[in-house]
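The following pair of complexes shares a single chain, subunit A, combined with subunit B in the former and subunit C in the latter.
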Partner chain A sequence: MTRIRLLSIVALFALWEVLSLYLGEDYLPGPWLTAQVIADGIARGWLTRATWITLGEVAPAFAIAAVAGLFFGAVLGLSRLWGEIMEPLILGVYAVPKVTLYPIFLLVFKVGAASKIAFGMFHGVFPVQIIAQAAVAHIRPVYLKVARSLSLTPAQTVLHVVIPALVPALVVGLRLAFSLTFIGVILAEIFASRGGLGFLLSAADQTFDVKRVNAVIVVLAVIGVGVNLLFNLAERRVAPVRNEERQATLAA
Partner chain B sequence: MSRRERNLVLARVAIVVVAVGILELLARLGTFGPTLSVPPSVMLQTLMASLADGTLVPDVVRTAIEIGLAYAIALAIGLPLGVVLWRSRPLAIAVEPYLLAYYVIPLFAFYPLFIKIFGGGIAPIVAIGVINGIGAIAMNVLVGLREIPRVQLAVARSLMLGQTQTLLHVVVPATIPQAFVGIRLGFIYSLIGVIAAEFILATAGVGYRIAYDYNNFESRSMFATILLVLIASIAANQALISIERRLQRHRRA
Partner chain C sequence: MRVTLQGIGKSYPTQGGGTFVALENVSLEIREGEFLALIGVSGCGKSTLLELIAGLQTPTAGTIAFDGIPHVGPHPRVSVVFQEDSTFPWKTVAGNIGFGLEMRGADPKARARRVEAMIDLVGLRGFEDRYPHQLSGGMRQRVAIGRTLVLDPAILLMDEPFGALDEQTRFLLGEELLRIWRESGATVVFVTHSLHEAVQLADRIAVIAPRPGRIVRIIDNDLSRPRRESHEAERYGAMIEELRVLLGLEGNREQTRA
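For the complex of A and B:
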């Protein structure tokens, strides 16, 4: 299994190399040239600076999305009626291309970090909310029965029964939320901003600096995939979730 | 529809109506300042006007064609891909992590590359819609195929059904409910990919119009076009969800 995975990474790089040879390095710089550009970006600081700006926006956006999503998910999960009423409305908003709403965030928060954080949060909050609500609503009744038969107080029930029962689903929700928050912030930076990886991307794009574009894409991929892997490890630790369940297909 | 379901729908409609009403009132009072205070009724009027006088129509047509093409291609690649991954375990092990992880990467970054590969016009935008849709389609088909109860395949064998018969009478019916989740999400993701790509990159289409109006301080027509996108995507999603429900009920019956 590990051998196949390693081979697939080799195949990916080989494909990249072949494509860049075919299209020419002026259009698709190969792995080696891209590595050199990244090294230059780290040495001269333009890439590290942009990365820190982006992460500085993603972190608060993700934190707010996680807390708000968990809160509303728990509230709507606990009230069956309100949960049922609100669920289709929330899924409806989730199906909208949210980036088209970004101008509204810009008009409210003005160009700057606040509008990007707010939009990133809006982009990422839905999976946590949706998954938390489903997890709270479908908590196995037998757990609650045991809690009652042990005559736990409500606080104890929440602490020792409800939260542990929710953890596996929540880790999945948080993983998806991170991906979406990250993409939200990048989209916001591409559209209107003066700093960050998204800004670097659109600036390099406009000056046809393909080498820089490629370098930024690689950094984005490394951050996105890297954080995803960390969440995957966490998922395996908190519960033996089935592969299919982890793949809860929420994305945008 | 049961009485309870009808009440739920009524409650939802009431919530939306109240929310829109509050927005209308606040906007009419100018609460959000001159650019943001566009009442929903004005948005709708502006939208109707720009559809009636044809100013928005070419963009709507273009976007619809792009989404349709992107979705068709995503289905044509995603459905067989799910089947291939089901048949070949090593391939699934190799490809699955990428199918799950590539959503993390902003695909718009590849636009310049797509222009080089596919040329100008709608092709690069369609390509982004295709890539955005494939993953959800392939993954759900794969999950659906993997979850076919073994007993059903065993029955097929013991009845000595041929390959096509097994496929037609066992595999396809057992897979459809889960596969349809992918077929629905694939549409939504293709739509999101196309409109978002237009918004950021293109020089035509509904997404572009929103960005253009924003940059030119045309907040009325911007909100009108946003309203169109909201209505269209929510309506499409609802339609697909109701089909999905029917398929799942059918399976249980």
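For the complex of A and C:
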């Protein structure tokens, strides 16, 4: 498995090199040139500064999205009434292309970190809420019967039965929330901001600095893949059962 | 522990504004240490009756008393094994079996000792560190049985615990349940719709008729153990036949072997 993954990464770089040779370095800088630009960005600090700004916005945006999404998902999943009242509203807001709402965020939060964090949070919060709500509403009734027949306290039931039963769904939700929050923050940086990787990307794009554009894209990809790997690790720690096996148990 | 059901009724409001009577005027004395089967066709209210005894539902009429003391809600000395797989996929076999003790705040050392003993009793030695998804359906049901028995219940309620298993596994687990029942000394109330399972296992068989659910007859089963169709063929056959008539399955033999 790992060998196949390694091979696919090598193949990706090879394809990149071939394409860049075919199109020319002015249009698509190859891996080597991009690596040099990244090294320059690290040495002179423009790339590391932008990366820290972006990460500093993504982290709180993701944290707020996760906590708020889990909380509202749990409440709406437990209360059928509120679930039914809120569902059309949430789906309605979710269906609007979120980029179109960015001017409102700018008006409320002004240009700067706050508007970017809020916009990123806004991207990530819905999938967490929707997945958490479905998971809470569809927790297997027999688990709750076991809890009741053992006379567990409400706190014990939530802590030792409900939350562990929800972990696989929550990991999926958080994973999705991270990638969407990340997109939201980058979009906000591209549209109106004075720092961060998205800002760097749009600035380089406007001056036709393809080498910088490429360098930023590589950094974005590294962050995305890296966080995904962290999720894989976390998933293995908290949920020893792999997803497909868990689904098989659920179906049985 | 003795359980006395006095005039138990359970009805639900229906959507049309009427009432659905699931159980009506059920009175039953469950004797200390006996193996009682509740048998009936699907939807006759036998699982409802079990959940009432378990305290998972509240009767709309009548009282339930344990050793003569009326009680509402789950009783600490009453444990339930459900038909569906109820093992927790996030806990190992040992973790699942020890769950109730852990929640009741048992001392970790005492807990480990009792879990160890229970693993032997339910025949899961060598599987204690496995997760439920690595086990067969029959083994998962053993885990569920161990999880309830480790609490040393006076009453063990079982709602078609082997219903999802194949006939061979079902028979073997039934024989093991009898061994566990004898070793633990608990009172067992066992819901089933299988005539053979009831005759194989129970001291007494309460036959429940549907709409409204009520006990129509309690049959004393004095066949000598271990019970096989071949040992006392005539009496075994007569008992099956009697149950079949009581359940209204006469002339429809296809359905009787569940």
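The rule is simple: the second predicted complex is superposed on the first by the 231 of 252 C-alpha atoms of A that agree within 3 Å, B and C clash if a C-alpha of one lies under 4 Å from a C-alpha of the other, contacts with A are read in each partner's own complex, and residues count from 1 in each chain.
Rule of thumb we're sticking to: a contact is a pair of C-beta atoms (placed from the backbone, for glycine too) under 8 Å apart; a residue touches a chain by one contact, two chains touch by 3 or more.
Model, not experiment: these values are computed from the prediction.
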Does subunit B (first) or subunit C (second) touch A:V142, or do both, or does neither? second
A:L150 contacts which: subunit B (first), subunit C (second), both, neither? second
By the touch definition at the top of the document, which applies to A:L28: first (subunit B), second (subunit C), both, or neither? first
Of the two partners subunit B and subunit C, which one touches more residues belonging to subunit A? B
Where does A:V167 make contact in the superposed view: on subunit B (first), on subunit C (second), on both, or on neither? second
In the superposed arrangement, what residues of subunit A touch both subunit B and subunit C? 249, 252
Where on subunit B does subunit A make contact in their complex? 8, 11-12, 15-16, 32, 35-36, 90, 93-95, 97-98, 100-101, 103-106, 108-113, 116-117, 135-136, 139-140, 143, 146-147, 181-182, 185, 188-189, 191-192, 195-196, 199-200, 207, 210-211, 213-214, 219, 222, 225-226, 229-230, 233-234, 236-238, 241
For subunit C, which residues are in contact with subunit A within the complex? 54-56, 73-74, 76, 78-80, 82, 84-86, 88-91, 99-100, 103-104, 131-133, 137, 151
Going by the contact rule at the top, pick out the subunit A residues touching subunit B in the complex. 1, 4-5, 7-8, 11-12, 23, 27-28, 84-86, 88-89, 91-93, 95-104, 106-108, 179, 182-183, 186-187, 190-191, 198, 201, 205, 208, 210, 213, 216-217, 220-221, 224-225, 227-228, 244, 247, 249, 251-252
Going by the contact rule at the top, pick out the subunit A residues touching subunit C in the complex. 140, 142-143, 145-146, 148-152, 156, 160-161, 164-165, 167, 239-241, 245-246, 248-249, 252
